[in-house]
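A short worksheet on the structure shown next.
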Amino acid sequence: MTVWGENVHEREEEPVRALYPDGMHAAIAAGLTALLGERVSVRTATLDEPEHGLTDSVLAQTDVLTWWGHTAHDRVDDAVVDRVQAAVLGGVGLLALHSAHYSKIFQRLLGTSCSLRWRNDGERELVWTVDPGHPIAAGVPHPIVIDAHEMYGEHFDIPAPDELVFVSSFAGGEVFRGVCGFRRGAGRIFYFSPGDQDYPIYHHPDVRRVIANAALCAAQAPSAPRSVPDSPESPVGWFA
Amino acid sequence: MTVWGENVHEREEEPVRALYPDGMHAAIAAGLTALLGERVSVRTATLDEPEHGLTDSVLAQTDVLTWWGHTAHDRVDDAVVDRVQAAVLGGVGLLALHSAHYSKIFQRLLGTSCSLRWRNDGERELVWTVDPGHPIAAGVPHPIVIDAHEMYGEHFDIPAPDELVFVSSFAGGEVFRGVCGFRRGAGRIFYFSPGDQDYPIYHHPDVRRVIANAALCAAQAPSAPRSVPDSPESPVGWFA
Amino acid sequence: MTVWGENVHEREEEPVRALYPDGMHAAIAAGLTALLGERVSVRTATLDEPEHGLTDSVLAQTDVLTWWGHTAHDRVDDAVVDRVQAAVLGGVGLLALHSAHYSKIFQRLLGTSCSLRWRNDGERELVWTVDPGHPIAAGVPHPIVIDAHEMYGEHFDIPAPDELVFVSSFAGGEVFRGVCGFRRGAGRIFYFSPGDQDYPIYHHPDVRRVIANAALCAAQAPSAPRSVPDSPESPVGWFA
Amino acid sequence: MTVWGENVHEREEEPVRALYPDGMHAAIAAGLTALLGERVSVRTATLDEPEHGLTDSVLAQTDVLTWWGHTAHDRVDDAVVDRVQAAVLGGVGLLALHSAHYSKIFQRLLGTSCSLRWRNDGERELVWTVDPGHPIAAGVPHPIVIDAHEMYGEHFDIPAPDELVFVSSFAGGEVFRGVCGFRRGAGRIFYFSPGDQDYPIYHHPDVRRVIANAALCAAQAPSAPRSVPDSPESPVGWFA
């Protein structure tokens, strides 16, 4: 698993650095390691590394990629976006976290604007399970209570998800399809809305559990990444 | 269009009768007539009529059937449920309203328990559009505000809907997939959660609009109801 | 895993007995054991056993139930159907095989007639993968070639499946959504069309692979079967 | 309605010109006009016009856009693709015809490679209805028989469609999810596979009927195209 972080807020804003001294990516990676243990091998990559740390070699060794970005979406190189898109279509799982709704890779894979309503007032978010049989919901309370968080509200301009697992409500009354899944090519994509940089969300035990569940789930596609298929001319009986 | 009402609360409970002196079915029918006018012909039917007012002849003239029941689900005859199920599979639209989530016909068509959480505290419900391009959402505000209503909350044990149009939140924090659509056979089914008998919901202009939109939408299946298909043995080239 | 078989054709028809001397259920169970080995424990149950072999105790120990029936659908006791439905909604996986499209339990869970076209001419069936990233498709060729089989053709009157994995074509030109998945309650249901009693389909290595893959997939719901949920009244803040 | 055609094969290849002397777009437009009559106003636009004939003004007057392209996908200007994407997300319907599976706009909206298998042998295609209640299937035979056409076969690398209406089989045995629908933003998108330039497909009465049905269906989104939504900051109670 590769945990990708933009790693800008954490370096530039003291309150964020206080919450995540090693970066949000480090906290996410620590959660995965703590909950999944020896079942997985977790690495991190950030925007400032060459090729944003997402070389062909790294992607070839990646089963699941988590993505956190916000203020620097535009600084992600289109060539890297092409490469990640091809990897996902070939079977690599993708977890788009919080403000990654506006990342190039998420918009590219979904085809819509991915816009939403928002308000950063530190209000209570309740995350309700609407699909209790889904493996992402295993071992989490109903609802998950997040005492203070940024509001993300409908309308969320995404395609109808292939799987809707959690829906959030906020103290101000809004709702949000906060955890939903998409299949694109051979890859599984999950969007997971909790995780604003101003709150210690990635230290929340239930949030960590959902992310770990989603990572395992997204990794269940065939392990060997495939290349994106071309369109082969196929003479009659080619399969015989 | 045929508006079916159980018509028990309205006769037995004074507060409900005050809200709906002619029955909830009459209020629902009035809303359809007011908004759709000459485009539709609306009749009503109730539990106490012979065959609950849903004879073969009535169903044969029905494009859309709305269903409200609560305290007398068990008194609906299984033979009538069979008949309505066949009609829906053959193309008749069905609008299941509020406590119809536990009606025999809704459970029969969906195959799940259709259970949910509830609390009758007269709290504010906000109904949020999650699919603004859907014709059911045309002309309604975002959100619809219902000042006082019974809470229906997740988990709602239904199959993943084919179309999710509105999601409600309640003052107490719960969420509910309150307006969703299902296709079964040639018929379209919409579940619409607002409408407890203790509140004047069916006089609310936005609720009336959504019900009218849904009725039109459910009637868009081929107009001539078909019989439920059998399984014909089909010799090679039967279609030539 | 519990493999349920009607076990009528195999006892009454010599050609079927020649293909499946111990019954089709035994062949299906042997395939599961051969491919999944120690990961699973497989038992069988048949129509003629008390309670059709599907007692509360058996279901409580079952993660996945496979179902083959054809000529004796009507002899399945409604009380057993109720029990299996509750088990599936509570998380037990169900694999409905071939003519189980007309079984009481499949119709109950789906709510539609489940009718289809058919022709028993022993013609070639090709089973094409339309979702190559799905775990059910792992390790099977594209297409699976079945030299001789009964034709099942559209229109197949099922709800739009939550997952469509394979689509078959037949020498006579028909197509069929032959392998598809449904989620109902906490349970996963897969329909798998190959498997007429007149052909040695359950000895076909690719068919055995798909069934084994589907069984694993359907067992991924939470391992502890839950009871079907009721509708609890929930005072404000019940979750706090 | 605006019928867009690449209009290259028709000008450069004599056999195609013989089938479509005024271009394929003219034949498609003629079919729409013949079947829908005064209900619609149909215009055409082609690659060689300024801005490919798809100016802001034209799109603002368009409810449904049909798209046929093949050999010149790369010559479509990215700025026009951006504009059409925005229009679709804002509510304009899109019909992607045949080889438009590889058009920039279709790939942009779906996010996948949209690859498929193909073979141009002039073989029989049968188009089977799998959703007979869908308005696109109204008035067409089951199956539609196309005597000679190019084969398009699975795997078709698209997201799972929101609506699957027809599935084709070919004489060589392949299958294809040939008519399927997607919702993106407020817009409805239908892919319709028949229509290779080497065959008189757009003169086929059933094909014309399906295209007319799909055009009406895609136009049912709210008539006034909306702009693509941004992500508004929304103070508590903004909706009151």
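Odds and ends about this structure:
We just call them A, B, C and D in the order they show up, numbering each chain from 1.
Rule of thumb we're sticking to: a residue touches a chain if its C-beta (ideal position, glycine included) is under 8 Å from a C-beta of that chain, and two chains touch if they have at least 3 such contacts.
Remember, it's a predicted structure, so these values are computed and weren't measured experimentally.
Counted as hops between touching chains, the shortest connection from subunit B to subunit C is 1.
Superposing the C-alpha atoms of subunit A onto subunit B requires a rotation of 180 degrees, rounded to the nearest 5.
Centre-to-centre, using mean CA coordinates, subunit C is 37 Å away from subunit D.
We define each chain's centre as the mean of its Cα atoms; on that basis subunit B and subunit D are separated by 34 Å. Contact of a single residue of subunit D with at least two other chains is seen at positions 126, 131-132, 142-143, 153, 155, 160, 173-174, 183, 185, 239.
Residues of subunit D that touch subunit A in their complex: 85, 89, 102, 108-113, 115-119, 121, 123, 151, 153, 155, 157, 159-160, 162, 172-174, 182-185, 228-237, 239. Interface residues of subunit B facing subunit D in the complex, by the touch rule stated above, are 91, 126, 131-133, 135, 138, 141-143, 145, 183, 185-188, 220-222, 226, 239-240. On the subunit A side of its complex with subunit B, the touching residues are 124, 126, 128-132, 142-143, 153-156, 160, 163-164, 167-169, 171, 173-175, 177.
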